[in-house]
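Presented sequentially are two complexes of chain A, the first with chain B as partner and the second with chain C.
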Partner chain A sequence: MTYTSILYLFIFLPGVMLLYQLAPGRHRYKVLLAGSWLFFLSLSGKLIIYLLISTVSVHHIGLWLSSCKKDLDLTGVSAEEKKSLKAACAVKRRRILWLGLGIQLGMLVVLKYSGFFSDNVNHLLKAVSYPNLLPAMKFALPIGISFYTLQAVSYLADVYYEKIPADDHLGRLALYLTFFPILMEGPICRYSQTANALTEGKPLEYKNVTYGFQRILWGLFKKLIIADRLNLLVETVFGSYKQYGGIVVILGAILYTFQLYADFSGCIDMTIGTGEIFGITIPENFRQPFFSKSPSEFWRRWHITLGTWLKDYIFYPISLTAPVKKFGKNSRAKLGKHVGQVVASAPALFGVWICNGFWHGTGWHYLFFGIYYFVLILLENLTEPYVIKAAEGLKINRNNVLYRIFQSVKLLIIVFIGELFFRAETMTAGLSMFRSIFTDFDTKVLTNGTLLQLGLSYADYTAVFLGFLAVLTVGIIHERGISIRDKISGYKIPVRWTLYYGAILLVIVLGAYGDGYIPAKLIYAGF
Partner chain B sequence: MNKLLEILNEINPGIDYETETRLIDDALLDSFSILSLIPELEDAFDISITPADMIPVNFNSANAIWSMINRLKED
Partner chain C sequence: MHAGNKIRTLTFITGLTLLLYIMSFLFLPANTGAEGLYKKAGGIYKEPKNTIGYLSIGDSESTTSISPMEIWNTYGYTGFNCGVPAQRLQDTYYLLEKVLNRQSPKVVLLETNACFRDFKYINALETIVDDKTKKIFPIYQYHNNWRYFHFYMLKNLSADVTEKPSPVYKGYQYNINSKPYIGGPYTEETDEVEVIQDQPYLYLTKISELCKEKGIRLVLYSSPSPKCWTYAKHNAVKQFADKNDLDYIDLNLSLDQLSIDWNTDTRDGGDHINYYGAKKVSAYMGSYLSGLNLLTDHRQDPRFESWNNEFKTYETQTIKGSK
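The block that comes next holds the complex of A and B.
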């Protein structure tokens, strides 16, 4: 059962809505929790044990962190003793935090990365003629582990830093970690964003339900009309990459980027829409990323919740460690203000992009993807004042339309190259595909029918193009700060429902399912 | 407060720190400036800034930074 399946859309979701509405307010969260666990069981079965260990340990360690501070009695003690008691408490709390992080990240690392680790150690030993030292390790991954682990870590860190109180309500914490719409692909929510709303038990309201279904419909449109159709071509090009080169590889990289966007943002639309139905505001994860002007802006608009998570729990903690602060001071003193400032941020930025790469998966190409953006963003910041100076010297207006187009094209090329390596089966495959763009470039493929042998027909290309135009139009409208749904809700009922039925009809008629289409998995659910 | 204004002007000059209240929201101070500011504040006021303090509301104005410094001094 996934978010686009008939079972989910026509039985599971309406069933949960019905039971939720029938249940008394204070018990409604139990319906959501039971639904979430049922959803998890349908996808990962007995692997739910890992989720339960995560939930119970996070709950217990959160309370332990909190009680350790509360139990600190400083009445009637001298200033000296106060200082030493506070220091002892800080040490104890730090150890408890590390224990909590160890349990959460330990499960993720063992289940997700041990196979990668054993393979590479054995590969390395083979090079020096040692037999396989480590057994091949491959564990089944519970659905959503990469997402709920990050939520668990943020909860523990926030309790540790006293940003939020520890929650003694096990049900609320369990639901915060596993609310079914966010389980497969996030977004990565913070406890302070969703936990209270999840247990509030608000009754279903007409406006929330209609807005929620509109958003779900928009998600289905992106997923079924664009992403799943593009999947046919992407599978062909990346699956048999040795057969293709030049323009076909470029087309594969471009269309994979749009597939990924339509798939992931479409799923997030369905998630946010489902949250809206129950009156729960789930954070946005995309803000028209392709309208960005630079790689760092792109990442502030693409997978926003992962970016902010990495900033708060990797970038700042690394930046604030004593050695990094010392390194920063030395860099600024030796390299001058601008270069020193940028170089000072490099260790933390490196940590962020290594984590970003490895979070997505266990191939070397994911690591390359992370380092690729680390280098680009560092260079972007390093060269920024010189670019501004050069533009002034050459009398180029940086707000000029032509300059903006140049920036957008440059950004798109950067993104397409990144996604080529990201989607490639292996690092070697990525390099081979990238090389073939230059060594096998032949414009004949545009006219000799090759493009129609990649899994998409004329009709498919047309459907994708029209879908893409619709997404682009909506993006432009959103970029101007206009809410389309508010506009639609202002129309008279016949117009409004004609639009709804039209959209439903489009998804049914143009959706890529049935004969000739391979059911495509949600891409980020695999991470 | 004068010491704080001096540090801010040293790190990122050209901003009226006495009146500006959207230093972070309007990107007048970027993350590089903030990372330069922190060790200076820690040394000058003998405080320890943690990741929990790294929120826009603590850095949006000189007054907000000053309040954070005083709170951390009490800790």
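The block that comes next holds the complex of A and C.
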């Protein structure tokens, strides 16, 4: 059962809505929790045990972190004793935090990364003619483990830093970790963003329900019409990459980037829409990323919740460690304010991008993807003042349309190259494909029918193009700060309903499902 | 929710239901010139009663591997390819049960890939819901016919070859797309045995029992497929075949005998074979069926004249397509 199936859209979701509405307010969260666990069970079966261990341990450790400080009795104690008691408490809390993080990240590392680790150790040993030391390890992954683990980690860290109080309500914490719309692809929510709304038990409201279904419909449009259709071509090009080169590989990289965007942002639309139905505001994860002008801006608009998570829980903690602070001080002293500052940020930035790469998967190409953006963003930070000076010197207006087009094209090329390696089956495959762009470039493929042998027909290309135009138009309107849904809700019923019926029909008719299409899994659900 | 909003919601849903119901007619194969696409397994019910000598059943590995017209041409055996892409064994069982109400084949060829299809109850439930939806709102099944509208409306205009639905001959959909398999040899022997999950195992047994009950010779076969096949799967099927006293033909172990060329005989890089591969597999299976001495040659039988006519069309198509 996925978010695009008939079972989910017409039976599961309406069923949960009905039971939710019928239940008394204080019990409504139980309906959502039962629905979420049922959804999890339907996808991962007995692997729910990992989720339950995560939930119970996070709950217990959060309370332990909190009680440890509350139990600290400083009445009638001398200043020196106070200091030593506080220090002991801090040490204890840090140990409890590490224990909590160890349990959460330990499960993720063992289940997701042990195979990668054992394979590479064995490869190294093989290279020096040693027999395999570690057995081949492969574990079944529970759905959404990469997402709910990050949510669990952020909860523990926030309790530790006293940004939020520890929650004694196990049901609320369980629902925060596994609310069914966010289970498969996130976004990565913070406890302070969703937990209270999840247990508030607000009744369903007409406006929320209609807005929610509109957003779900938009998500289905992107996923079914664009992403799943492009999947045919992407599978062909990346699956048999040795047969293709030049323009076909470029096309594969471009269309994969759009497929990924349509798939992931489409799923997030469905997630946010489902949240809206129940009156729960789920954070946005995309903000027209292709309108960015630089790699760092792109990542502030693409998978926003992962970016902010990495900033808060990797970048800042690394920046604040004593060796990094010392390194920063020395860098600034030796290299000057600007260069020193950029160099000082490098260790934390490196940590962020290594984690970003590894979070996505266990291939070397994911690691390369992380390092690729680390280098690009570091260079961007380093050269920015010089670029501004050069533009001023050459009297180039940086707000000029042509300059902005140049920036956009440059950014798109950077993104397409990154996604080529990201989607490639291995690092070697990525390098081979990238090389073939230059060694096997032949414009004949544009006219000899090759493009129609990649899994898409004229009709498919047309449907993708029209879908792409719709996404672009909506993006431009959103970029101007206009809410399309508010506009539509202002129309009279005949116009409004004609639009809704038209959109529903469009998704049903042009959706790439059924005969002739491979059922495409949600891409980020695999990370 | 406000009473007015409740009425509005109900009206909207009723309007949508009616719209989908009405729009469904526009997309029916008969109204779009795309009937050929849907003549696959369903076509078996249009065959005259008790005229089919053998059936091939299973998932897409079955659909793509046996062309009954090839076997008709060489041996005169009447067969029908009832393979359905992505079909699970329980659905294969119910399909067979239904077909056997009209036909009395002597042999059933069951392709074994579906034995290893991951079974989850939720997927089975999804299939049921999808099937019901398709029945109530055919637009859900036939929506892809939008691409054929212009052929129906402007049928005198020539259209691009990729837009035309491939014709279907006795359940076999002709397909000459070619995408080489480049992975090298894949049949290294092992003692490992793949597990056939409980549910597929149950229905494999049920299919075997149904055939026994009806006096049908059940033959298990594995179509050449480097992407789907493993030696461990072979071992699992072999165990089942030995236990139930069934013949098992693993074509992956007879690639040289079949002369399979992975550069030309697969349509999708080694997952399924194309027409060229199916021609070789059909020749092999035809020879096997001939060796069983259970089937009758009907080529000279006037009651089966339509088979000769269909073969002529098939021949014209394949000769044209192979140029």
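Brief remarks follow.
What we mean here is this: the second predicted complex is superposed on the first by the 527 of 527 C-alpha atoms of A that agree within 3 Å, B and C clash if a C-alpha of one lies under 4 Å from a C-alpha of the other, contacts with A are read in each partner's own complex, and residues count from 1 in each chain.
Basically, a residue touches a chain if its C-beta (ideal position, glycine included) is under 8 Å from a C-beta of that chain, and two chains touch if they have at least 3 such contacts.
Keep in mind that this is a model prediction, so the values were computed, not measured.
After superposition onto chain A, the modelled positions of chain B and chain C are compatible, with room for both. Legend: residue contacts after superposition of the two complexes on their common chain; A:Val509 is shown touching chain C, with no touch to chain B. Of the two partner chains placed around the shared chain by superposition, neither chain B nor chain C is touched by A:Thr362.
Once the two complexes are laid over each other on the shared chain, residue contacts for A:Leu7 go to chain C alone; chain B is not touched. Counted by residues of chain A touched, the larger count belongs to C, out of chain B and chain C. Within the superposed three-chain model, A:Tyr161 lies in touch with chain B and out of touch with chain C [touch as defined at top].
Here the apex is the CA centre of chain A, and the angle it makes with the centres of chain B and chain C after alignment on chain A is 180°, in steps of 10. With both structures placed on the common chain, the touch criterion links A:Gln341 to chain B but leaves chain C unconnected. Once both complexes are placed on a shared chain A, the shortest Cα to Cα gap between chain B and chain C comes to 39 Å.
Residue overlap on chain A between the chain B contacts of one complex and the chain C contacts of the other is empty. Here chain A touches chain B in the complex through residues 157-158, 161-163, 312-313, 315-317, 319-320, 325, 328-329, 332, 341-342, 344-345, 348, 381, going by the rule given at the top. Taken together, the chain A residues at the contact with chain C in this complex read 1, 5-7, 10-11, 42-43, 45, 203-206, 209, 236, 239-240, 242-243, 452-453, 457-459, 493, 497, 500-501, 504-505, 508-511, 514-517.
Across the complex, chain C meets chain A through its residues 1-2, 5, 8-9, 12, 15-16, 19-20, 23, 27, 37, 85, 120, 122, 125-126, 129-130, 133, 139-141, 143-144, 146-147, 160, 162-163, 177, 179-180, 182, 269.
By the touch criterion given at the top, residues 31-33, 35-36, 38-39, 42, 49-52, 54 of chain B touch chain A in their complex.
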